[in-house]
Amino acid sequence: MKKRTSVISILLALCLIMTTMAGFAEESGVIDGDLTCTITLGNWPPDTAAEAEKALFEGYRDTMAKQYPNVTLVPDYYSYSLSNYVPMAKGGTAPSIFQPPFTDPQLLISQHLVGDVTDALEAFGVLDKFSPSYVEMLADENGRIYGLPRDGYVLGMHINLALFREAGLMNEDGLPMYPKTLQELAEYGQIIREKTGKAGLVFPASETYGGWLFTNIAWNFGCVGENALEYQDEDGRWICNFTSPECIAAMEYMRDLKWKYDILNADATTTDWASAHSLLGTGEAAMNFAADDSVDQPTSNKGLPVEDFALIPFPAGDAGRYALAGGTCYMFAPDITADQGIALMAYLKVIGKLPFLDDDIIAGMRADYAAKRDRGAPVLPAISAWTDEAYNNAKQEIVDEFCNVDMRLYSDFFDSISQGTISLKSEEPVFAQQLYRELTAVIQRMITKEGADVEKALRKAEESFQEYLDDEINDY
Amino acid sequence: MKSVQRTGVIREYDMHSASVKAGYGFILLCCALMVVLAVFPLIWVVLAGFKDLKEFMSSTSLLPESFSAEPFITTWNQLGISQNYLNSLIFVVGSVICALIFNGLLGYGIGILKPKGHLAVKRLVMISLLMPTTISIVPLFMNIQNLHLGNSFLPLWLSYGANAMYVILFVQFFESLPGSIIEASRIDGCSQLQIFFRIVLPLSKPICAVIAIFAVNAAWSDFLLPYLVLRGGQLQTVMVRLFVFSTEQTVNADTMMRSVVFSMIPPIVLFFIFQKQLTENAVSVGIKG
Amino acid sequence: MSGQARKKRIRGRTGEQIKSWLIMLPGLILMTFFVWEPLIESVRMSLYKTRNVELVRFIGLDNFISVVGKDDFMQALMNTFSYTFWSLVLGFLLPMILALLIGETRRGKGFFRTAVYLPNMLPGLAVIILWSAFFSGEKSGVLNILLGRLGMPQQTYLTRTEWVIPIIILIATWKGAGATALIYMAGMAGVSPELYEAAAIDGATVWKRIIHILLPAIRKLAGTLLILQIISVFQIMYEPMVLTKGGPDNASLSLMQLMWQYAFGGSMNYGKASAVAVIVTLILLVMTAIYSYFNRRESDWD
């Protein structure tokens, strides 16, 4: 034990020395004058972006020019979508760096449409600081890494405290009595519907969102391990399983939310992510399955005062306490060279996406939090994608300084993650978007047709998705 | 008998009958109702633009609480719509030019020059009239990517130079021109291009006007190919922006309604300027086509 | 001498022919690039297993078999026919009626014409977004507000599988009916007023005049407009894409939307997308062939 501690302290010391050295190097300005290459940067703010944002990126460009004078940065306004990325990658016009959601890396990696940055990460000494769950999402089977997390989120529930108050669901301390389980969720929803006339739960069941949220509900009903919605059999074939008793029970729950408890918003099948936040934020619905990274949506964006807003953990089911974790990552063009890899990593360091804190980054964070506070968005601790403790603590301190909310309204959510009372789980491994699409169709059937046959609908979706899996991976 | 006779099934003489009179009253009522139906949604969307999100989501009143222009100004500035307007303008102007020149020349070839084999081309164009580009948008988009023409207006402009309907309209118009004028100028020694620019084009103002209006309207409303080609950011047109709003849900419902208003202003202005040409010429063209 | 002259004339002709083709060339190149080549390319791609934009191997009709065998294809096919059906019910007669009504007005004809044509100028996407607020099932939906004024309970619209297609067609009709009506009006104006006068003197009622004079006069035009309408409705895509995303439970999914989903909706299966496109093309070709067959027969009779 002792030995281990000493090893860690040596490592820490080494890190410290490295960072100080980096610091010294920075003062002299140039870090690497020999590195010569050109990188194109996706998601560069277009002319139509806010002035502050443009200035920020111009600042990054200046810093890069100082540190790596021979690296040319070419702004690209590309914002990733799977539909247009693939032909670009094939045609050699993909920007060097771009930002896909966590649903896509495995697909892009398996199809060799993204570049390997393992060596570059190694060169910056951050390869081993990756939170393991993120490594899983961003690496191939050989452990080569193709991306970096930009930010992560964990799914929980947004609640509108004004409606909870109106429904008499607040205790003396000004804290909400909130649903801890999915069963309670249905009951609380009913109380709210009765007392306020508003929807208990907004459920965005359009296109792929419904299926996305449903996977989390299904996990909590026990669709994990041998009952998982997707798994690989011993031959390595991907199999989907929507007709386990657990999955059927989860879907019956969805049906009951509409027909037995009647707590859903009227237009669930056309409600999307944004309108779900709107309904909660404008007081038309009391609860919404949503993540910690979108707390600004109902509040500053849709006008709900922060004191009327709380974030609670995802309700548990009889068979599980899971919360979906995901986010956005940085990935790289398939044809990047080793030099470009280094330059890109340097750029990510400058914009504060590697676990290093320098004055500029701290100043940036402070400015960001101050702006959030000013526009009425909750300032909350971010869930870190890095296992670097010093880095994480330093960040927490800055958050505390700007905190504008009663943390008791959030503490259960964050504690459940840090104390492990809830298990984080990333999205289903392959072709998640298609899986969501299939399941969304089933959910839509459940909430538009009273007495719809759950098992039959799930079996149909299962057949259809299995065929898809066979086409796309198994029989390829 | 009057020199210009009224059209219509109901004649002067019928109006003496009470039942026809009542029927005519009913017709007027229906027409008035139609006008209301056509215009009400437009008025509503402007009114909705005055509401903020809370009011838009919760209010059950059609009228906004206040008529301050501020929400419109805020939305305009926040989303930087002037840039999108400018992009749309560039896109529309280039598209109209391409639509007139390339389709016009092709129509001139098929309709007037008629070289050997022009009928095959005409038939091909006729068939493609039934197959709009959406059907082959996938390979088309791939071709554009392979030529590294993504994120540029060029392929979009040129796509308006390949419109089967415009070609056919040109052909029909050119075929209706008196052949003698062209024959005469040919004997005078004009080259084919000279004939086109000196003789045919000046005679073709009505058809050019109609196609220009069609192309302006089509280009302004176009968003599928522009969405794929222009990717995110800089060059987005108003309609691409609106499409992105509706698919990526980056704006609130009230802002969305104001963006809808912004996207409708230019076509409506255009409509009121050219309403005579539109409701008369365009129709006569439509009836032929 | 005469032989030389002829030669010169022929050479001149050939030169002129070449020049003519050169004038057409830019347009032809564009038509090839934007219309014809992609059409052929999509046929070719539909016969290949594709991985992204690459053609992996020739697989004959496998894409077609796989696509057609799926439930969502059959559903989309049925939906597309349902769109066509509803567009005939709602969208075909309405413009004719509008034209008839406006044509009979004695004052304000220009005003009515302008008003009904106006929606046609609006961008289709904006129209869909605008109407989505009308058909919102929440209490702030415009139709719900209007129902509330009449003392009726709040309804949902787009969550009803049997309503979505008629609603989408209703919106499309709102946009397009006025323009079509003007075309009919032009056709109706072609009927000589003397015919009506003569019929009136013979004692034919207004109804009889409509049935025996007006309708036969626009029959051919109606046939043309009908086939054009069917062809355009058959390609309906962005309307359901924006309004309902094809839902609920694929109840408004159209064939072209299915194509878009295969290509750009996450699976990037351009081979299958092309297979759907080819099927739609074939159906359209068959419809056109049927139309021209009847059209020709009719002209023969006339």
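What to note about this one:
Here the chain labels run A, B and C in written order, and each chain numbers its own residues starting at 1.
Operating definition for what follows: a contact is a pair of C-beta atoms (placed from the backbone, for glycine too) under 8 Å apart; a residue touches a chain by one contact, two chains touch by 3 or more.
Remember, it's a predicted structure, so these values are computed and weren't measured experimentally.
With centres defined by CA atoms alone, the chain at the far end from subunit B is A.
Chains B-C form the pair with the most C-beta pairs in contact. With centres taken as mean Cα positions, subunit B sits 42 Å from subunit A. For this pair, subunit B with subunit C, the centres built from the Cα atoms lie 15 Å apart. The set of subunit B residues that touch two or more partner chains comprises 57-58, 142, 145, 228, 253. Residues of subunit C in contact with two or more other chains: 53, 138-139, 263-264.
For subunit A, residues that reach two or more other chains under the stated contact definition are 83-84, 87, 90-91, 279, 284.
Of all residues in subunit A, those touching subunit C in their complex are 82-84, 86-87, 89-91, 111, 113, 205-207, 265-270, 279, 284, 431, 433-434, 437, 440-442, 444-445, 447-449, 460, 464, 467-468, 471-472, 476.
Those residues of subunit C that touch subunit B in the complex are listed here as 16-17, 19-21, 23-24, 26-28, 30-31, 33-39, 41-42, 45, 53, 98, 100-106, 108, 110-119, 121-126, 129-131, 133-134, 138-140, 142, 144-145, 148, 174, 178-179, 182-183, 185-189, 191, 193-194, 196-197, 200, 206, 209-210, 213-214, 221, 231, 235, 237-238, 242, 256, 259, 263-264, 270, 273-274, 277, 280-281, 284-285, 288.
Listed in rising order, the residues of subunit C touching subunit A in the complex are 51-54, 66, 70-72, 132, 136-139, 141, 154, 156, 158-161, 243-250, 263-269.
Subunit B contributes residues 5-11, 13-14, 20, 23-24, 27-28, 30-31, 34-35, 37-39, 41-42, 44-45, 48, 56-62, 101-103, 105-110, 113-116, 118, 121, 124-125, 128, 130-140, 142-143, 145, 158-159, 161-162, 164, 167, 191-193, 196, 217, 220-221, 223-224, 228, 239, 242-243, 246-247, 253, 256-257, 260, 263-264, 267-268, 270-271, 275, 278-279, 283-284, 286-287 to its touches with subunit C in the complex. Put simply, subunit A touches subunit B in their complex at residues 43-44, 46-49, 77-79, 83-84, 87-88, 90-91, 93, 272-275, 278-279, 281-284, 301-303.
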